[in-house]
């Protein structure tokens, strides 16, 4: 069993956002899969996908503050700054965090741990709509 | 061919641990797969999975020392510290390193490079048992 | 449909290199896949694979400069330095960036975003030939 769909995420503020429910809502075939995988792939190089704590919004805030500290704007060694101070840091964050996640499917649902959720990392100040490709394979 | 199993890893000290042999031992169906993949997914947000050097324990020690330096405890900007100084750094490390790895299978075995092994990163001081979901697909 | 092939990448200078075209050239079966995935896995622990901006070479230069700053050589806490100053930093970079990427396939082509390309991160000064395992599955 294979299915694939494009998911559009409405523009979000810079920072980390929990999108688990929004993704699940757009994957109606999931419950037919007994064993499998769902991959979520973001088609952009200045936003990212990662899995982290799903309950406390301070984790998302601390993630944003940490990455802003450790991938600074206006580093003296950046040559790529055509689109503003958030341009190159957004590219670096996207590679450190990654462009895709893959979650096992078990008995018709994403087999995330009880505290795990899917984060969209928006690393631009004005990122616009983000396109994700969700692909499910299983039996 | 699909199979999926839960692997429980007994509590480990904070740091990086080589778990390749332990994982392979719990995947008896692997040798039937000619071409495929094995995904290992950790159901926690304060531990991680990564692939690195399998021979010299100083690499694991240096990884732990590096990540403690670059994802510091008690950063002034952390709001999420309810469970102690190791709480938020563990969440950040889990996203930087990742919650899953995927290894190609070739002729019945994990097709890792000769120097590659699977690391569990335990980022809490007292992390407890860690649950992994191993999923294999192939033909 | 499954296929798997080993791709050898000729020695490259330390830094980030765009290898999308080279990978696609070595995956002739791709156009038969309507929905699926391609995984690229690097069998080394001092080089990495990541997805980032495919147009402007300054992004690759800035990535190299950033990672050299944030994963320094000769950190006082490194014990693993047998192969030179670039030894342990290369291992750390390989885990931060990752040993594999997975790209959805849609209607016979890698469904990358318009600005996305596949980067090989060469983290050693003299890394030699790098072996990748490309695995494709789909229908």
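Structural remarks
Should a chain be cited, it is by its letter among A, B and C, assigned in written order, with residues numbered from 1 in that chain.
Throughout what follows, contacts are C-beta pairs under 8 Å (C-beta built on N, C-alpha and C of every residue); 3 or more make two chains touch, one makes a residue touch a chain.
This one's a predicted model, so the numbers in the text were calculated from it and none came from an experiment.
The chains touching chain A as well as chain C are B. The best fit of Cα atoms from chain B onto chain C calls for a rotation angle of 120°, in steps of 5. If you average the CA atoms of chain A and of chain B, the two centres end up 20 Å from each other. The set of chain A residues that touch two or more partner chains comprises 70, 96, 98, 102, 137. In the complex of the two chains, the chain B residues touching chain C come out as 35-37, 50-53, 56, 58-59, 61-63, 65-66, 69-70, 96-98, 101-104, 106, 111-116, 119, 137-139. The residues of chain C lying in touch with chain B in their complex are 2-4, 39, 41-45, 70-71, 75, 77-80, 88, 91-92, 94-96, 98-100, 102, 131, 133, 135, 137.
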